[in-house]
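Heads up, the next two complexes both have chain A, just with different partners, chain B and then chain C.
Let's look at the complex of A and B:
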């Protein structure tokens, strides 16, 4: 498919363009809105996300290459965008009435959320590393500010501080990697690059790929670029934490998928850079580090932050399996897992957020959760279901997500030739052992809520609007595995590099 | 005669200096300067590869994008550093210890 020029690309870019224009519009509306009319800004932001989401859902994504091959509207981008926009919409919905963000700053908060969302849209639809880098930066710079949004709390400033330092280093290293790849391939087009890199020097190529991975690895909080995530997650306002742990991670995986599947998946390349093994090792370390660190945590928010590192590790396993001859099965499994993760992880974070409000538990510490079942049976049970799903216990959605992901890695390992000659069954066994470890710390929370006796007996009531949001997240967590399966998440194949791209210049 | 090798060596040196500053400095401003060095190392690479290997102006164009982004990033980073200095009184990532990283 030949790349479209700028004008004819626009009609395929309507969802993203709508989101970007709304973001700018909200900045302007916010300037003129005062007092009560600030509500308009929030409603407008949610409308913007709803419009962008609906357009993304209904517009056919047939793999057009837009803007002279800068972005691709394909099924992969569509699914990732729906996850991201869904996460952003639910997050905005709950932050409409959060007390964490000061009233007068709400407008900026919403606008920044939309800009971050648009940055993530750029990341997952990028087919050129320049656009990928711009997307990473747009999403990151907005998130830095969002992390520091609690104006009077030093822990929030500290979160933003650590985030901006780690983030800029990681994206700088990524850019250096891109510049090396540009030198070797003569292009920054992801698909074209894969074809041209085959003759590059293996060592130089390996260094460039490792540098490139620094940028996306930091987005998905993979070891050794994970150090920022527990601190940032703990210090940020809770809606931002939830947004970063799901949308930002999904966008990171979208970009990783594009780079490794579309760009570096060619067989000749795999012979010189053994990235499946590299990613498999990182995946093993990431899930183990995340789970072991989560074990000692007494703060539920921090516990969820570490567990989200572990989930990144599981997903990275799917990326490693992309090195096999059939990349569509691991891709579908990753998409399904992220869709499930959206509901269960957001749900768990939002329950924590709601309980942390002063009128309820007023704390994120585990002891405060004791005996919650007596004080609010509904919240305790809903939270338990989210946690069981995060562990991967059947019949909840998390179980199906893990099942399909593990199965795709085993299948990829067992075919002739395996994943670039490796057999990753050991990795799946390690992931299962890790799930058992995660049982321990998730269950500690469940035990505190359901079995322990608390000192206080006063009932805790959930706000009705919040209960509705929780229900939207709860039902898919319960039922998603029964109504869809991984085959619904199969998207188009990786583009054939040589056939699909016109000769540049 | 200046060849591509000269440019690549200088850019690699810039990158190493930048990385060194990031890893050893205890002051956020110095770390930011290190990040600038890393970004400019990449810019130099883009411009040099564009002239000597690829042809056209694609590489220079990317460098212009990066310069704009670096400015935006520095603005946000400095604002955040100012904010934490007012609240905590230090700008060393090692001494901000409220969150036990």
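Let's look at the complex of A and C:
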């Protein structure tokens, strides 16, 4: 498909443009609606996300290349955007009702959420590394402020500070990688770059790819760029944590997918830089480190933070499998897993958030969860189901996510030629063993809630609005695997590296 | 709706009803639900044609067509025998759970208990009828969660440790199984169409090299469930902590899931695995028999003794499976059913004494902490716990004797037939190992007789002289099992006829494999 020029691109860019305009609008409205700011701006921003989500859902995404080949509206972008916008919408809904945020809720919070969301939109639809970098920065900078939103709390400020330091180093390294790649390929267009890099020096190419990965690796919290995430997740206001752990991770995977599938997937390239093996090793280390670190946690929020590193490790497995001859199956598996992850992880985080409020448990520590089944049977059971699903126990959605993900890696490994000559069945075995490890710490929470006897017996009530949000997350976690499967998440094939207008010049 | 689907659906619906209905109805609903499944299983038996090899009464519906995952269920002689066993054990488990709240000092939790119980029953039935590997795996895992809670909430002092150990071990085993399932699915593509269907996979001729790997993957999954040495350590812990009815289910049915899987997948589907694997399985069987029996002999705790005796008795099943002769497979099936009934009895018998004496030590422990846990006087450490119970509890002693003698392989009861058939089947293939296995019977007789002597005969221990005899409810649970043990001992054809054609069918597969190997 030939790239469209700026004017004819606009009609295909309506969802993203709508989101960006709303974000700007909210900043302005916030200035004039001082007194009733929270309600007006809150409603407006949720409307913005609803509009963007609906437009994304209904607009055809047939792989148009927009703005002279800078962005791509294809099925991949569409699915990722839906996950991101869904996560943002649920997070905003919940933050309206969350005490720790609600008290100091201002227009900025909503505007920043929308800007972060827009940055993530850019990341997942980018087909040019410059746009990708722009997206990463927009999403990151908004997130830095969101993480430090509770300015009067030292742990929130600390989180923001750590996030800024790690984030800026990572994106700096990424930019360096981009410049190296540009030096070798003479273009920043992802698809075209792959074609031109075939003759590049393998060592230089490897260094460039590793540097590039630093940027996205930090977004998906892959080892060794994961250090920030437990501290940031723990220190940030909980809605922000939930948002970061799902949407930010999804956006990171969207970009990673694009870079490795569209840009570096060509066979000639795989011969000179063996990124599937590199990513497989990273995936192995990431999931193991995440799980082992989670084992020792007594703070449930921190436990979930480490476990989300482990989930990033599982997903990286799918990225590594992209190096096989059929990249569409791992892509679909990654998308399916992320969709499932959206429900189960957000659900778990929100329960923690709701329980942490002073009027309920007032704590995120494991001992406070003891005997929850007596105080609030519904919350305890719902939380247990989210945790079961995160472990990957059948028949919950998490099981199907893992099943399809593992299946795609096994399939890719066993075909003639394997994944770039490698057999990653060992990685699947490791991932499964890791699921068994994760059972141990997730069940520590389940045990505290359902088996232990707590000191307090006073009932804990869930807020009705919150209960509704939980139900929306709970039902798919319970039933998604029975109503849909990974094949419904099959999106377009990797684009051919056809000439972009920019490149021809 | 067809019988086989109803079989796992009825307990599941029962669970929903238990959750919605008031607490006081929970046990009644469970009794009705398990009663209906017993009736269903009898109807399936009635409809089953034992002269036909292969699966019957099946349902085959597309489920996830993109991957050829099907809702595929069916029964053959092997699964029918185990379905009947499950149905019997399930309803007896409900009877044994009648006062579960009071017995475990958790009054008011009956609703949750019976909901979990029915979920467990549903998983077990589903597992025995499933013929699609994904469905098979789903039901295999479905039994884990309820079991975790049943041990973890209603168990003994170290229940949480035992529950998580059980869960982790089994999950770890199923890790390898799932990967093997995925690899098998992929391999089936080369030999025809990609499929998870066990009958289709069984008919395929998969390359031996790959089969050998897959065999081991499945073996790990099932071996932990059986459990086979050295994965057996979760079993004594789980049994000791589990409440009586759950021990009954665990020993009676759950362990059979492992050996059933071995027959269904390793023998039927991966039958052409290298000879060394079968020898390995036979050796593990004998290790189980000897190790389990000797461990049982050393136990002070009656429940632990019974748990280890299970390890030993499952060894006969393994040995017989490894031989893969018609007698052997028949013997394995028979031994599974027989052990299911007998171990059910044994754990009920242990439960009877535990409810009365609040401990179950044949000989008091010497460990201080353990003494304290059961409020046992320090001065009694290492001395006999019971003695001369036969005079104060004559009926109980009678029932117990049936269970013990049945288990030690007295002719005229099912245990003898099971062991004899297994050994007969194994003899043709592994004569040396069979002789070693026979030694296990001797050890078995030794520890059971010694236990009778120490607990029921000899001098009375005045402390436990006044224990009331077994009551009517406990008898209701025990008598049917005792009757079945004797009926099967006298008329083994009842069970062996079920599986004649199926086993013959297996033999045909074997012949085909042998011919392929000779080509």
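Rule of thumb we're sticking to: the second predicted complex is superposed on the first by the 493 of 505 C-alpha atoms of A that agree within 3 Å, B and C clash if a C-alpha of one lies under 4 Å from a C-alpha of the other, contacts with A are read in each partner's own complex, and residues count from 1 in each chain.
Operating definition for what follows: a contact is a pair of C-beta atoms (placed from the backbone, for glycine too) under 8 Å apart; a residue touches a chain by one contact, two chains touch by 3 or more.
In this text the structure is predicted, and so the values were computed from the model without any measurement.
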item: Most chain A residues touched (candidates chain B, chain C); value: B
item: Which of chain B and chain C A:206 touches, first, second, both or neither; value: neither
item: Chain B versus chain C as contact partner of A:148, first or second or both or neither; value: first
item: Which of chain B and chain C A:299 touches, first, second, both or neither; value: neither
item: Partner chain(s) touched by A:393 [first = chain B, second = chain C, both, neither]; value: second
item: Partner chain in contact with A:363 - chain B first, chain C second, else both or neither; value: neither
item: Which superposed partner A:328 touches (first chain B, second chain C, both, neither); value: neither
item: First (chain B), second (chain C), both or neither touched by A:137; value: first
item: Of all residues in chain B, those that touch chain A in their complex; value: 8, 11, 15, 18-19, 22, 28, 31-32, 34-35, 38-39, 41-43, 45-46, 48-49, 53-56, 58-59, 62, 65-66, 69, 72-73, 76-77, 80-81, 83-84, 87-88, 93, 96, 98-101
item: Complex interface listing, chain A residues touching chain C; value: 388, 393-395, 399, 403, 406-407, 410-411, 414, 425, 428-429, 432-433, 435-436, 439-440, 443, 447, 450-451, 485-487
item: Chain A residues touching chain B - in the complex, by the definition given at the top; value: 130, 133-134, 137, 141, 144-145, 148, 154-155, 157-162, 164-165, 168-169, 171-173, 175-176, 178-180, 182-183, 186-188, 227-228, 230-231, 234-235, 505
item: Chain A-facing residues of chain C, complex; value: 64, 66-67, 134, 137-138, 141-142, 144-145, 148-149, 152-153, 159-160, 164, 167-168, 171-172, 175-176, 178-179, 182-183, 185-187
